[in-house]
Structures are given as structure tokens and as C-alpha cells.
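Each of the next two complexes has chain A plus one other chain: chain B in the first, chain C in the second.
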Partner chain A sequence: MSKTSSGTLYRGHEGMWSWVGHRVTGVVIFLYLLVHVLDTALVRVDANAYNAVISTYQTPWMALGETGLVAAILFHAFNGLRLILVDFWKQGTKYQRQMLWGVMILWVVVFAGFAIRHLSLAFGGH
Partner chain B sequence: MSVTIPAPRSQRIDPKYKRGPKSRSSFEMLAWLFMRLSGVALIVLIFGHLISNLIVGDGINAISFGFVAGKWADPIWQFWDLAMLWLAMLHGTNGVRTIINDYAEKHSTRAWLKGILYVATIFIVVLGTLVIFTFDPCVAGSTLPQC
Partner chain C sequence: MSTELPEPPSKIELKAGVGGGGEIPTFNITLRVRRYLPETTAEAYWEDFKLTMYGTDRVLDALHKVKWDHDGSLSFRRSCAHGICGSDAMRINGRNRLACKTLLKDLDTSKPITVEAIKGLPLEKDLIVDMEPFFQSYREIMPFLISKGHEPTKERYQSVEDRERFDDTTKCILCAACTSSCPVFWTDGQYFGPAAIVNAHRFIFDSRDDAGDMRLEILNDKEGVWRCRTTFNCTEACPRGIQVTKAIAEVKQAILSRTV
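Let's look at the complex of A and B:
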């Protein structure tokens, strides 16, 4: 296919953007996971070193970053379920657009719940 | 006068769509299936992880060395974290492998990127597994009462 072709059923529509979003969130989560295993490994080295690193996770700026990360995980998780349904459910391809709306609604609701809880804990300061 | 054009019989695939010799192994199909099965398991594992660490109780403010020691005193959480580590790393590694295959067009570039990926994966999986199994609540700096 020519790299400049356009006007297909897929290109530029929701299906393509959900694929882009799934790919980008997958890579972001993977990179975070590498770092997260390394910081948790400090529990095997020194309790104070672990507590020092974790206390940076408890600052407001990091809490915003964590909230963004959870937004990525939630989109990847819900859209991943949609992909599985597209592949395994007979009507999957027919309803993929409707399911994407379902993904977005579920994502907004669950993310709002998480963000309110997490940010009020991190900014409220116990 | 009409001309009849026979249906194409050629099985030829344009060489530009081919990157290597055709393989008869079912590895790619198993990888595809693994992405879906591990995805379903990861929803349960990751949601449980986020709820127990960030939602209940004092959430992020309660996390400390003592919090981790309390969780890993329970073999269920040890197993939970081990399963999450392995499944997420294998799922993520396979996903990034797909992405490298998609975008790195030169054979040597692909080989290098995947080599770096696999080394990082093995290192993180081995390290994480050792940390879970050799965890010591009385490691240097611990102020837990039993130490």
C-alpha cells in the first residue's frame, strides 16, 4: 500500500486511534514496570533506602504522575477487553465501535473515581 | 467481442512484503493467544494490586517498608505479586517485540533492539523473583518489632 493513500475504512477513524492509544499506553506501562521493579527491589537492600524512594512517590507531583499512569493502565485494560471480544465474540467486529464507546465511558467513570481518591490522599496530607 | 480474463492463479507474494523464510512453527499463534489470556488475568491482578495499595486505608500515604513486609508475610500476596510480575513482563515484552518488528525495518536493527529487550526482561524477572522469595523483614535499617 502506498504510504500516501487515504480514504480507507480504517485509517483516521476511531479504530485507528484506539490502536494508537493501545500501543502507546502499552509501551508507557512497560517502561514504568521496569522502573517499578527496580525501586521495589530496594526492600531487599535497605529499609531506609526503600522508605526514602517511596516518600518521593507520596509528593503531589509524583501523585499526578501516578494518576496519569493509572489513566493509561485503565484505557489499556478496558480496550484490551474490547480487542479480545472483537477476536472471540461472533458479533465483535460488528459492535467494535459501540464497544469503544463503552470503553471510553467505563474509563471516564473508573478514572474519575481513582483520581478523586488518590489525589485527595496525596494532596490532603495525612 | 469479449475477452475472458482468468482468475489469478499465482501464489506469489511480492518480495517486499516478505522479511524472512516462511515458518511452520506455531509460535506466533501461541504468542497471540498468550496476549489475550494474560490480558484477562492481568486485569484481576493489577486491579487487586491498585486497590490494596492505593485505594483502601491510607492509600499511598501508608506505603513503607513495613507495609511491604506485612503483605509478603502472607503467601497469597507473594504468589499474587509473582504472577503479576511474570505475566506483565512476558505480556509487555511480547508487545514491545511486536512493535519492534513493525517499525525496525533493517534486520540488524531489529536483532539489536530485541536483544536489548530480552536482556532487560530476563534481568527484571530474575531480580523481581529473587526479591519476593528472599525477602527479609530484618534487612539493614529495618525497625520492625520482631528484629
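Let's look at the complex of A and C:
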């Protein structure tokens, strides 16, 4: 990155980066749902086309994509609960940083559990 | 004609080199300023100034040194220079600070210290932005006491507890460090911004004021408190230590419960 662009970036703390993460994961989830609604709607149009599209979900690339999707959903879900607490719990603004660490720990634990099971099923042979 | 008496020698023995201004440590810094001169260039650019500063100097002193000794065209706002008037909010090393409250020795002087104008307001020249949109939002929340009924002939009494309720938000100096640190405000100029909400909070929770509901109605808007995404940049930027995000959250809760 050039000096110009790095200099004009605002150096926020955890709160700002968690907001960036929340936005990015939100857009990712939205795009996935958009595609998913469309491919599911295919069943009304043509059953064969639907089967063809859904079978691509079995490919290893899709397994990796799904892992990423679950990572995004988990962060968005846990951080969303944190944001509700920030807004409506009296001590929420005081402990927002600690709550973010809680979100990250919960995220790592749940995601590791999912990733181990999902990827071993996807790549562990039939 | 009286003869001039020589000044009696000091009774206090001072060691050589103590007592003067000379022993304050000096160090060299590079001040990297984001320049914007609309008369000559269309684009903003970085300019480095190598300066020798004292351990007691602030970023504002470095800017003064540049303006007074190196380049008189450097433009920035400052008035009191002591953290009260709120004129010299700027982005120092990427974060909003008051130049007059930021000591150089607290920054990493081995690297260039970057100084830029605050974000999200129209840039006019160098470190000067047009503050009008900021003050427009401030005026809209009616930042003055509104009371119904007869004017009291004496002062308006208030209990210590009632005064304490909004004490934090009375500290605002309208420097715009919070509003211009807000990612929502950078992209959505219609958003009231943290400073306007802080100053609304100051009257909403004031027991002497009778227009709290009116202010809550103004802020219960698409561009009001609900635009806040709790990034905490404002709380971190406030040079007065106001818990800005907390104040905004309290206004959100007050709108939902209308307990004021």
C-alpha cells in the first residue's frame, strides 16, 4: 500500500474492526442467501436443472465455501448478540471489548467443531 | 541622581545547567502533514517537515514551528491552544485528537508523525474543514433550555443526583473529533452524528428541561440515533473523555421506553 492510502485510513480499535467484520459477513451471507433462494426456486422450473445445480454442492470447492459461509454466519450471529447487549444492557458499552473477546472465543470453539466434522465428511472419503 | 544598586546575588545556590530552559530534552521529529492547497493543486499530498522539538511540546507546537519558521502557507485552526475551545481537532497518526492535547513525547517519534484534517467534512485547505454540516446537526437538536410555565424569579434548583444524570455530556467542546471519527458519518452526511446526540442527551436528561420528548422525536429518525453502529470510534476519539457511545445508547433506550 502506498503512503497516501495508508495515511488516510482511520485507525480504529476493536469496535470499528468488529463493525467492519459484521458488515463483510453480512454481505457474504446476503449474497449466499440470494443465490440459494434462486437455486432452490429452480425446482419449480425444471427438476433436472435443480438436480444438476444442487449436485455441485457435493464438490470439494463447495465444501470449502460452506466452511467459509458457516464461519461468516457464526461471527455475524455471535457479534449480533453482542451488539444487542451494547445497545440494551446497561453495562453493555462498558464491557463491549470483553464481550468481543467472548465472541471470538465462542467463534473459534464452535467453528473448530464444525470445521473438523464438515471437512472430514467432505474429504474423508465415502 | 541616584546610583543604580547592583542586584544582590541570589541566596540560593544553583548548580550550573539547572533552572534554565536548556535542559529540557530535545529530539528530532518528522512531521508528515497532509497538505491541500486548492489554489495551486487539485490533489492533496503529503509534505514532510524535519523539526527539532522539546519534550514539553505538543503536536500544535510542531505545527506552529512549521507555520512560523518553515512554511507560512500551512493552514490550521486553533484558538485557545489549551484543550477548551475545540478548534484544533485533527487526525494524528490516523486517530482523531486535539493537537493541543497531544504531547509529541507520547507518540512514536522514530517514525513520521502524520497529521491530517478530520474526515467526513468538506476539506477547505490543509487541515481546515467546513464545519457547517456539523453545526447544522447541532442546531437541529435545539441545544438550549426549553421550559414550560412561569419563569422562576430565582435560579432553577436541581438535586445533586439530577445534575449527575447528564454530567458526562456537559463536557462537550464541539471539536467534532467524535463525529468525524464515525464511519457512518463519513459515508452518510445526513446522519446527526455523535456530537449532536451527545448535546441532545445533555438536555434530554436534564430535569429542568421540558422538551426532552421533542428532542427524542427528532432523533427517532432514520438519520437519527438508529444510524449508530456502535463502532466506539467516537468514545475513543473524545478529548474530553465523554462516554459517547454510552450516551447514544441511553438515548436509544429512552426513545423506546420514553421514561423521561
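Heads up, the rule we're going with is that the second predicted complex is superposed on the first by the 114 of 126 C-alpha atoms of A that agree within 3 Å, B and C clash if a C-alpha of one lies under 4 Å from a C-alpha of the other, contacts with A are read in each partner's own complex, and residues count from 1 in each chain.
Methods note: a contact is a pair of C-beta atoms (placed from the backbone, for glycine too) under 8 Å apart; a residue touches a chain by one contact, two chains touch by 3 or more.
Please read these numbers as outputs of a predicted model, since none were measured by experiment.
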- Task: Report for A:D87: first if it touches chain B alone, second if chain C alone, otherwise both or neither.
- Result: both
- Task: Classify the contacts of A:V43 with the two partner chains as first (chain B alone), second (chain C alone), both, or neither.
- Result: first
- Message: Looking at A:L33, would you say it contacts chain B, chain C, both, or neither? Reply first, second, both or neither.
- Response: first
- Taking the superposition as given, does A:Q96 touch the first partner, chain B, the second, chain C, both, or neither? second
- Message: Which partner chains sit in contact with A:F123 here, chain B, chain C, both or neither? Use first/second/both/neither.
- Response: neither
- Task: With both structures superposed, pick whichever of chain B and chain C touches the larger number of chain A residues.
- Result: B
- Query: Regarding the shared-chain residue A:H13, is it in contact with chain B (first), chain C (second), both, or neither?
  - Reply: second
- Going through chain A, the residues touched by chain B and also by chain C turn out to be 83, 87-88
- Message: Under the stated contact criterion, what part of chain C meets chain A in this complex?
- Response: 32, 34, 45-46, 91, 93-95, 114, 116, 119, 181, 183, 229-233, 235-236, 243, 245-246, 249, 252-253
- Going by the contact rule at the top, pick out the chain B residues touching chain A in the complex. 36, 39-40, 42-43, 46-47, 50, 54-55, 58-61, 63-65, 68-69, 85, 88-89, 92-93, 95-96, 99, 120, 124, 127-128, 130-131, 134-136, 139-143
- Which residues of chain A touch chain B in their complex? 23, 26-27, 29-30, 33-34, 37-38, 40-41, 43-51, 54, 57-58, 63, 66, 70, 73, 77, 80-81, 83-84, 87-88, 114, 117-118, 121-122, 126
- Task: Write out the stretch or stretches of chain A touching chain C in their complex.
- Result: 3-4, 7-16, 18-19, 83, 86-88, 92-94, 96
